[in-house]
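Just so it is clear, A, B and C label the chains in written order, and each chain counts residues from 1 on its own.
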Amino acid sequence: MAALHIDHATIAYDTEPVLTGVTGRVHAGEVVALIGPNGAGKSTLIKAVLGLVPVVGGTVTVLGRAPAAARRDVAYVPQADSLDPQFPVSVAQVVLMGRYREVGWLRRPGRDDRRIAADALDQVGLADRARATFGTLSGGQRQRVLLARAIAQRPRLLLLDEPFNGVDLVSQDALLGALGELKRQGTAVLLSTHDLALAQHVSDHACLLNRRMFGFGPTGATLTPDLLRATYGNQALELHGDQIVVAHH
Amino acid sequence: MHATLVEPFSVPFMARALTELLLLAVLAGVVSTHVLTRRLGFVADAMTHTVFPGIVLGFLSAGVDGVLPGALAAAAVTAILLTLLTRSRRVTDDTALAVLLAAMFAVGVVLVSRRASYTADLTSFLFGRLLTVTAGQIAQTAVVAGLVLTTLAVLHKELLLRAFDPRAAAAMGYRIWLLDLVLNLAVALVVVAAAQSVGTILVIALLVVPAATGRLVSDRIAPITLAGVAVAALSGYLGLAISYRASVSHGLRLAGGATVVLTMVAVYLLTLLAAGLARALRSRRTSDAVA
Amino acid sequence: MRPSRRPITAFALAAALTAPLTACGDNATPQLAAAGDGKLAVVATTTQVADFARNIGGDKVTVTQILKPNIDPHEYEPTPADITAIGAAKVVVKSGLGLEKWLDETISAAGFKGTTVDASTGVKIRQGNGDEEQQDGDPHIWHNPRNAKIMVQNIGKAFAAADPADAAAYEKNLADYSAKLDKLDADIQAKIDKLPPDGRKLVTNHDAFGYYIDRYQLEFIGSIIPSFDTSAELSAKDIDDIVAKIKKTGTKAVLSESSLPPKTAEAIARQAGVQVVAGEDALYGDTLGPQGSAGDTYLKMEEHNTDVIVRALGG
């Protein structure tokens, strides 16, 4: 059974359909990259998988259930720069947040929860910054902390929204390393990015989106000049045949 | 100094006023941290205005006894309407608030202007009646404090997550609007509870200054909250003492509630100064070490 | 803004800087009626009843007056000194009829255990203006000297009951002052009598002079502020009504009270083309005037008001 199964889905934002014709699967241990320009609907698709926006046509099945029912086993990593850097919270506190659902409403996180959180932080290579204020870390480090928080949830499906945006090389390496480890452990990963080189490096499959799906399949076969040009609307340029560059707008 | 700091509170009405203020200090101090992290300062301020039609309606229906229930109802309605309005993505917090504020205040004005009526009991809600607070009112405040503080303690981690990262909270399945409603209602309760003693005009200070001061000295929730409570309590104590001494020994009229607020602001400014000095000293030490 | 990493240091600094604020002189000189000096401790609310209390009590009492001249009695917030004074007093004198709504709360907060005198007991009350708050009637009873006589009688009786040892003194003071009130009444009557019978029409700020008008049979055209509450506002229609009445009845003057801003009165007088008597020459409606003014005692206040009214009405 696929961790995520999308079948001819039409996703709406409020009541407007914004994304149509999405079909594809993500299996355990696989990384799928969502590729497309700004406004293509990548974030919307992720929100649909989380059950936060309506699926008005077709189906989105998460771990065999409806999206809202599967949240326990799904973790989401937002972009770090969407968060207030002045917020008075420590790195350790942020990672511990990943345990909240498991802890439940009335209880407080226990020693096990703290150990899981500490391990997660270690996996992204920031164990030494546990006591630091979240906002004092660099953008890339903050992104790693958010990934650690998701790892602490011990999800079967992991969703990341543009995780490599504005991230320095050291943090990028750490993120890739952690994702690789998650892959090996059998976590299914869906991440959006417009960094095609990274997408080719880290993902098994790619999904091309621009208000509709333009392609879904193994990365090598999908990230072709023709499909990319179609997706990006003639803004793709070809360089050296195997390296593809897209003009950013 | 004993005459200023201890003696006033040997008098029963001063002891009662102090008890009420200390209760409010704990309550408002804690809620203030939430107001800080969720940036609800404008919401809290608006609520001090939207209680006005509730007070008027309550007074018109049941005289003085109707003022408190009226205020509570208005505050609760504000909290609910606000939560509902901001759930819709089209309306931002500020817009919703401005609309609500204007509408409710206008209702209040219309109601008042229809009768050329007696406003003393209404102005007591605006300015508070600190010195004539009764044991019954203290008990009321204690109940409200117990209710609000327990609720906020139980929901502490969820409220923290929602404040820090609402998207992740939603992704984890938490109903953001429900958490927001609870917090808005908590703020509403504090506004009404505190308004009786220090008046609606000064309530906003109680909800904003404590955590703002705490933020100057710490970047962790727990110390900020503790500092906020301490600042509010200290200001309540000092403000009352000063107001008493000024009136009894020097014939100077310093309204109790206002003196407390001014004291709190003074503490904030001094803390700001102290924090700035501490920072300057530290960077001097660092550059000395480097050189 | 990056906060300090040494919370404790910053806090200590703040505390150190705050400490001087608490350094106050220990010379607590309470301006309260002390129990030890043998005088009866009295608290009086309004300027008028405080004046009465001083006159009836003489040197046997210490009177603490709560309201200062020109302070609106309706919305008063008591100070710590007020509450302490009430707590220490044996007698509290109030004017009554809903004028001091804040008094009951204050008395219970103070833990007052003495006697409260309602000076309005036994006075024949005029109907209020129909407002709910005036269900007790028009509270400005003192402007009729005959009512003032009843008020001081109530006060004298209470003083004698609380301090029987000095009852004789109180009775003498009462008799003396009542005689003065009788003379005042006669003086005012004489001055009013000099006015022509159809030249006794009065427009003033708010309905404070009902009892005076009834006693001396003047004619009341309308007040600038329709209710007894000083903060009630006039609508445009109200203003037009009054201006029309003024013109129709041939009123010669609009008289403003000292404790209210005269601008509203002036506006109407301008529209109606009549004279405005305001400011220094204003009437004392709600309170006595400040020390040194023309109305700083009850007797002077009533004489002054009469002179102003008579002069404005062309007498």
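We take it that a contact is a pair of C-beta atoms (placed from the backbone, for glycine too) under 8 Å apart; a residue touches a chain by one contact, two chains touch by 3 or more.
Since the model is a prediction, treat every value here as computed from it, not as a measurement.
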item	value
Central chain of the complex, centres being mean CA coordinates	B
Identity of the chain that, by mean CA position, is farthest from subunit C	A
Chain pair with the higher count of C-beta pairs in contact (A-B, B-C)	B-C
Distance between the centres, which are taken as Cα means, of subunit C and subunit A, whole angstrom	75
Centroid distance [mean C-alpha coordinates] between subunit C and subunit B, Å	36
Where subunit A and subunit B are represented by their mean Cα positions, the distance between them in whole Å	40
Residue numbers of subunit B (touch at least two other chains)	215, 218-219
Touching residues on subunit C, where the partner in the complex is subunit B	2-7, 9-11, 13-14, 17-18, 21-24, 26-32, 74-75, 77-84, 87, 101-102, 105-106, 108-111, 131-133, 226-227, 229, 231-233
Residues of subunit A defined as touching subunit B within the complex	14, 50, 52, 68, 71-72, 74-76, 78, 82-84, 87-90, 93-94, 97, 100-101, 103, 105-106, 108-109, 133, 146, 149, 153, 159
List of subunit B residues in touch with subunit C within their complex	1-5, 7-8, 11-14, 16, 113, 115-121, 123-124, 127, 129, 131-134, 215-219, 223, 227, 238, 241-245, 247-249, 251, 253, 255-256, 263, 266-267, 270-271, 273-275, 277-279, 282
Subunit B residues within the subunit A interface of the complex	37, 89, 154, 157-158, 160-161, 163-165, 167-168, 170-173, 215, 218-221, 224
